[in-house]
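First, the structure itself, so that you have it in front of you.
Labels A, B, C, D, E, F, G and H are assigned to the chains in the order they are written; within every chain, residues are numbered from 1.
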Amino acid sequence: MDLKSILEKLERGEIRADEAQRLISSASIANLSHTRIDLDRRARTGAGEVIFGAGKTPGQICEISKKLLECGEDVLATRLSDDAISEVLREFPQAKVSEIARLAVIRSGEKAKALSESKIAVVSAGTSDMRVAEEARLTAEFFGSSTRTFYDCGVAGLHRLTSVIDEIRECRVVVAVAGMEGALASVVAGLVKVPVIAVPTSVGYGASFGGLAALLAMMNSCANGVSVVNIDNGFGAGYNAHIINTL
Amino acid sequence: MDLKSILEKLERGEIRADEAQRLISSASIANLSHTRIDLDRRARTGAGEVIFGAGKTPGQICEISKKLLECGEDVLATRLSDDAISEVLREFPQAKVSEIARLAVIRSGEKAKALSESKIAVVSAGTSDMRVAEEARLTAEFFGSSTRTFYDCGVAGLHRLTSVIDEIRECRVVVAVAGMEGALASVVAGLVKVPVIAVPTSVGYGASFGGLAALLAMMNSCANGVSVVNIDNGFGAGYNAHIINTL
Amino acid sequence: MDLKSILEKLERGEIRADEAQRLISSASIANLSHTRIDLDRRARTGAGEVIFGAGKTPGQICEISKKLLECGEDVLATRLSDDAISEVLREFPQAKVSEIARLAVIRSGEKAKALSESKIAVVSAGTSDMRVAEEARLTAEFFGSSTRTFYDCGVAGLHRLTSVIDEIRECRVVVAVAGMEGALASVVAGLVKVPVIAVPTSVGYGASFGGLAALLAMMNSCANGVSVVNIDNGFGAGYNAHIINTL
Amino acid sequence: MDLKSILEKLERGEIRADEAQRLISSASIANLSHTRIDLDRRARTGAGEVIFGAGKTPGQICEISKKLLECGEDVLATRLSDDAISEVLREFPQAKVSEIARLAVIRSGEKAKALSESKIAVVSAGTSDMRVAEEARLTAEFFGSSTRTFYDCGVAGLHRLTSVIDEIRECRVVVAVAGMEGALASVVAGLVKVPVIAVPTSVGYGASFGGLAALLAMMNSCANGVSVVNIDNGFGAGYNAHIINTL
Amino acid sequence: MDLKSILEKLERGEIRADEAQRLISSASIANLSHTRIDLDRRARTGAGEVIFGAGKTPGQICEISKKLLECGEDVLATRLSDDAISEVLREFPQAKVSEIARLAVIRSGEKAKALSESKIAVVSAGTSDMRVAEEARLTAEFFGSSTRTFYDCGVAGLHRLTSVIDEIRECRVVVAVAGMEGALASVVAGLVKVPVIAVPTSVGYGASFGGLAALLAMMNSCANGVSVVNIDNGFGAGYNAHIINTL
Amino acid sequence: MDLKSILEKLERGEIRADEAQRLISSASIANLSHTRIDLDRRARTGAGEVIFGAGKTPGQICEISKKLLECGEDVLATRLSDDAISEVLREFPQAKVSEIARLAVIRSGEKAKALSESKIAVVSAGTSDMRVAEEARLTAEFFGSSTRTFYDCGVAGLHRLTSVIDEIRECRVVVAVAGMEGALASVVAGLVKVPVIAVPTSVGYGASFGGLAALLAMMNSCANGVSVVNIDNGFGAGYNAHIINTL
Amino acid sequence: MDLKSILEKLERGEIRADEAQRLISSASIANLSHTRIDLDRRARTGAGEVIFGAGKTPGQICEISKKLLECGEDVLATRLSDDAISEVLREFPQAKVSEIARLAVIRSGEKAKALSESKIAVVSAGTSDMRVAEEARLTAEFFGSSTRTFYDCGVAGLHRLTSVIDEIRECRVVVAVAGMEGALASVVAGLVKVPVIAVPTSVGYGASFGGLAALLAMMNSCANGVSVVNIDNGFGAGYNAHIINTL
Amino acid sequence: MDLKSILEKLERGEIRADEAQRLISSASIANLSHTRIDLDRRARTGAGEVIFGAGKTPGQICEISKKLLECGEDVLATRLSDDAISEVLREFPQAKVSEIARLAVIRSGEKAKALSESKIAVVSAGTSDMRVAEEARLTAEFFGSSTRTFYDCGVAGLHRLTSVIDEIRECRVVVAVAGMEGALASVVAGLVKVPVIAVPTSVGYGASFGGLAALLAMMNSCANGVSVVNIDNGFGAGYNAHIINTL
């Protein structure tokens, strides 16, 4: 039953208010046996559902994509395996895929939205952090934010950062991506006025413990204005940066 | 020596009571060199031995299955590798296998038992948690409980949960399966009167540390009525739910 | 505004259904600036709010108690400091306090409810686990369950457990309280048909790491039918046992 | 040497540019032997230095405060011991102190700044999280943001949250403060369009491990739009919320 | 230079005592560039060097074996990869290999030594712990101890243990091998008079954390007489048991 | 009912064998409400119950002591608080107390047993490990073993160890007590033929994490013949050493 | 723009000093989209950039190498995959590769520099630690230090170490490489006057937790003069040793 | 027996060389029952024994000090409690005590040694790290190194560091002391040519976990030339810096 029918029934007194509410809840879910797509999410949070690809079969990912497109939602699918990328490209030839960021974008309409004027700076510490930084950049752009990238600006050579700091300062939010000791987040935050979303990565020798070292370091930043997302979670950083950028 | 012989010997005074007891203990074990099957378990705990497949060879799994079937026990074998599944199907064509839950059921008799009238609700947070949820569901059904499933009801879209909460409330126990931050367990427990068995899963980004994040979260639930089983342990949850359901 | 007024307004068309719902939500909360008491909890989960005393001032605890009593709810306050116990006894001379379990019970009416016929077995491993076991026992009794206690039955002397196992088997749920290696939970669960709620305690030498050793052990129980609550969380175990006992 | 003298010297060619730069750097530091106050911080990051009281003697705290006031900066000193609070009040009778949040504010001028029109919502899970929530609130207000508080809205009673969600939605940023399993952050983030700054607290039973459980849970939030600050770091949350609020 | 020459030189006053000592030290080492075999170890500790195969190439393993055999030492090589086993069998056709325990024994003489009269009991909790238990058994036998095995005696079915406890009591040392919660060590130690060497294994669901759960449990045993070796370290347990057995 | 009565009843056919067994089990327990003393322990494990003082009140400790003495058992009570020591000395003036090891010994008869001829070497790394080493020494002597102590022999000055190694080699077991990096255990084990019981202590700078560093180090000893007991568990080491010494 | 042009512009007053500085910063970076090579590093720290191969594609590694060679820098690339080694050898036939240490050296000029007179001692505990020890040795030699190696000198056979200690004492720095319990670092440091750089390796049984045991042990060394680098970080140790050696 | 007597006996053939060696070893130890002072340490490692005060009684500390002074060694005692400081001052009025660094220096002769010409830079991140930085400084000076201090130079205000970097560059070693995220070590190491000894401190909010965050960060430094000592181990850093400084 769609939303309109429910409301008419309510008006005609055929159902009561609480019954109506339950129906409305159900109406805003697209139920695919394995997945209940939250069709109300855009209204509630400002952005539709995104497909977290890890642990889902290529078939499930395509099914969910199809349903989202039917509902007029653009599709962003992250953490795609090689198989999932192939399947997505076969099913949706119009999909745009990033090999390095392991994600796919499938627009439901002809063209992407115009991007915001204000910009997000995506700053990364090392070349090896690039896959996470790209996930952040592409996520932010998917939702409609402009970005600028400043890659390989780790603190071992501070001038790599200071030589671009004025450009970073023109942005409205900073995403700081770093593995190893994650010091980039603190140093950047000490130099800018805007919020810094820090993303620890799993890059490093043994005692990085899969990114734990960088995560703890960023959590403990001595500079103000840093908040942290999960290890390697470029998506989360891009999303957070976007909603701040477009506040 | 079987139980009857032992008791007769005891009656005839050929053995003393303590000797008899030792013999009875031994008689309730089927010794397969690598494995001592506990044939007394059903009498003691209400349910026979189950085969935990991890770390056992396909050959060992089939041997144990065969012995259990000979003793009139139904077989539930979990955590099966692809090889083990093939071998089980070759040896026991009547076996019912779940690819997603990685388990096999082999009935010793013609038909499965009737299922309980009261139901277990198996609620999961995301599509990627499905393999664990299915292990819980199939385990509970193996032992004789009816179940209802509510998959992909994570708290990021609360109405996915609230739209089915009345149906969940009709069940006698809830199994709540969630990875990432595992908040589902707390939210469900705040809405129902029955026990909630929480199962953390290993689904998530880096700082889920293989399910540790969800495990700790569920342990620390601010809602009452939650108890927790091991990470990805759908079997344990299904078993616990079953014994509560049929109390 | 109380519930009745809200419903009348709704009937008279002075407010709409969604407004009514919001008002009803608010009406079921007693707002004490620092605390929002959930007056709907009994209807929803079968049991009223309980006061977790840790981190609250004696004054806050008494204020909340007073409000709960006014609403006709019995009071259970746990984790009380010496100061909080004194203050509670001064304010509510009828309160019953357990020094060892650090909790207080204040009945809103003349007498406690009748206790259930079926029983909960509270089994503990060592004398030093007693404060947690008593928290479990008194919690279960507060909510209306009968209990039996079997203290100091740790597995270092198995006959201390086996000599009472038949009495434990007559109970409908078992709470197993143990620090150190927490083996009690596995051993008991291998001997009974009913659910075992395991409570790790922080008792032990250095490498118990505040109860982590027992927690992990209980999580990994090789016996079926064990689920686990937080370290030293006698309250949670008592509550879980009670709702299972009275299903 | 003050900034003006340096620039004059440079103009007169008495010093070279690099020398000038070094002098300017030094000029923007107030050196108190134990502490180098960063007088340039407001220009660079939008906010002056704050005194982190932990590990400093009352004497050091007062000395730093005095110097900051001399430089025309307002003082915010956090994590104050009882001794430090007494000393601050003795030295600066005009200081405003929060006993619960353990902080002091000393204005350098007559009156506080006008507060922002847009608001920050400070939402907390339980009464025991109040000290951290208050640190966040007072920090945000110190820097010039308006706030609204919603305390004790933990997910064990969802209607405590949903009954105020519309008011929360009117705010521009949310600070979500929770101990135990920290689920509040995920649930709120699933219901709002604005950024959620999550603050884990050290409130909880043993396996919260001093706030680690909540920290990991918040890191792993299944809802989008959550970023996390350090355990019990109300200051960091308030600061982050403020800079987002006034972007 | 061999030992004899050194001593003669010393006698003839051609070298001084300290020089002699340095030469003796060197003489007791067989230096293979990658490896310095400790030829003095048997004299010092009662047993020759053993080859820990992990991280060594098949070539290195064979080279060390050859040198040991030349010096009249029997060879025990543990943790062998498939490649290493093949290479060892090609080079030393007389080698005895255990596929399950991943080790090889190569005797330097015709026949193995006579085994001790007193026995070591190797007790394991589950079938999946067998590879570690076998490593322990074969190690103990390599050094000259008799053994008896009691596999799959986990505490979920206590009678599997109690039915053999009298036979275990006849042994002089017990090796207790268990994964999951590792309770076997405590229960056995509560029933015997002899030392129990506990070996945690990496068998278990997620929260066993690779054997950490069992390790901590065994460390915290409430029964006296338990000491612990590394996770999956069957070799260490077998060695310890042997030296105790032959004291 | 005492053992004799039970056996007579059984002889007269007044009770059956299983009933008799249950009664015998109960008869071997002295039940003090808070504590069930295991009177069968000496028969089963070779040594009577010991009182672990942590978490017990002085009153409980004295009550248990009294009962043990009544049953003819000597008393060893460890981990005593100052209060407990005072109370014990008041109640049992004959008690022998070690302030540094925090334990008390109360003999039930006139004189202590003769000590074993073979000796236990108690070797410690630093002066600060002395309280644990003394707990080990006094425990071993309580049970009847002779000991020799070699304190402050840490590996930073190897000759402190090598100058006494010949005396250590005359002992039948070694207890090696060390905090910090715990290297003492490996070095000693590489020099002797007998078993080494390693005790990690909580002595050290921050990253010893309460003894975890030493515990892991000892677990990973590259020398053979080391097994490990809990952090600061001098008692456990002394007990283990004793049973090995008197095998 | 190169440095000369910038300085000329500054002289001619075409740019101001701060602009000049920004340009100079940029001029010292070779920007390859994915990587910003820090061309100023040698001037600042005494050594040029090194390529950390993990997480970089073979193509990126070759591109960076090429650019470094163009700028007259020698190339050291570590942590190379098999693919990366092949690609490097194809592109730079003059490269010198170590299969065991997984690194490549490509000289920009005809010949390597002369090596220092003073030496670095690289001491390792076991054969399995060799790949890390070789990374340290080759790194130190790349930068211009002479080295001596002492492999397989673990403390289980102290004379393997003491027989070479005089040669070690002739060196100016010691690199101590060890897995398992990492005791080598403490023992060496107690015998020499020079700094010891300790490198924990990931060699060991389960409870080495990927090198954590050795790392903590080395951190907690009871001997003075030890500092520690990351697990398996032979490069870091070699670099540190080199700068100390050539101070 | 003193060294001279031993050598004479050896000359006269009254003892053999190995006996002599054992006696020499013993002679280089001052045995105080609780402590074996290593009198050979200066000869072997270049520096005499230091007293680690934690876990020692004031009496033991004074006894050891007295013995060291008798042997002509200067005394450095660290980690002193208030009681120990009082006792030391009472016994040795000439002692120099640092309240903040918790250490005492007692010279055996009239005056301290001349300090080295080359200098150690002690750089700290925040005021709260001062007690550790002072321990490092005073330790280095005790052994004879000159120092310069640069306190409160954390990376949140980089110019606090860059304004003094030229002075730091004049030093021969850097000690970098930082809590929280410990980024100071990486940033300094990227700017200097000399070795950086990093000291993590336990300063920080909850998720610093007692200094673990800073320790891991420093271990994972992306800048070359950093090695790390234990948390809060100012002594170790000062010692390491000194031996490098005076190489």
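Throughout what follows, contacts are C-beta pairs under 8 Å (C-beta built on N, C-alpha and C of every residue); 3 or more make two chains touch, one makes a residue touch a chain.
Just so it is clear, the structure is predicted and the values come from calculations on it, not from any experiment.
Traced through touching neighbours, the fewest hops from chain D to chain E number 2.
The minimum number of touch steps separating chain F from chain H is 1.
More C-beta pairs touch across one of E-F and C-D than the other; that pair is E-F. Listed options B-C, C-F or A-D contain a single repeat of the F-H interface, assigned here to C-F, on the basis that more than half of the contact pairs agree by residue number.
Copies chain C and chain F of the same chain sequence form an interface built mainly from non-equivalent positions, shared numbers / all numbers used being under half.
Per-chain Cα centroids separate chain A from chain H by 49 Å. Note on chain placement: the centre of chain A and the centre of chain C lie 41 Å apart, centres being C-alpha means.
One inter-chain figure worth recording: chain A and chain E are separated by 52 Å, centre to centre, where each centre is the mean of the chain's CA atoms. Contact with two or more other chains is made by residues 44, 126, 156-157, 189-191, 204-205, 207-209, 212, 215, 219-220, 223-224, 230, 236 of chain B.
Listed in rising order, the residues of chain D touching chain A in the complex are 44-47, 50, 172, 189-195, 197, 215, 219-220, 223-230, 236, 239-240, 243-244, 247. Residues 126-130, 151-153, 156-157, 159-160, 162-163, 166, 203-209 of chain E are the ones that touch chain B when the two sit in their complex. Those residues of chain F that touch chain C in the shared complex are 22, 25-26, 28-29, 33-36, 38, 40-41, 44, 49, 52, 54-56, 60, 64, 200, 202, 210-212, 215, 230-233, 236.
Here chain C touches chain E in the complex through residues 125-126, 154-158, 179-183, 186-187, 189-191, 204-205, 207-209, 212-214, 216-224, going by the rule given at the top.
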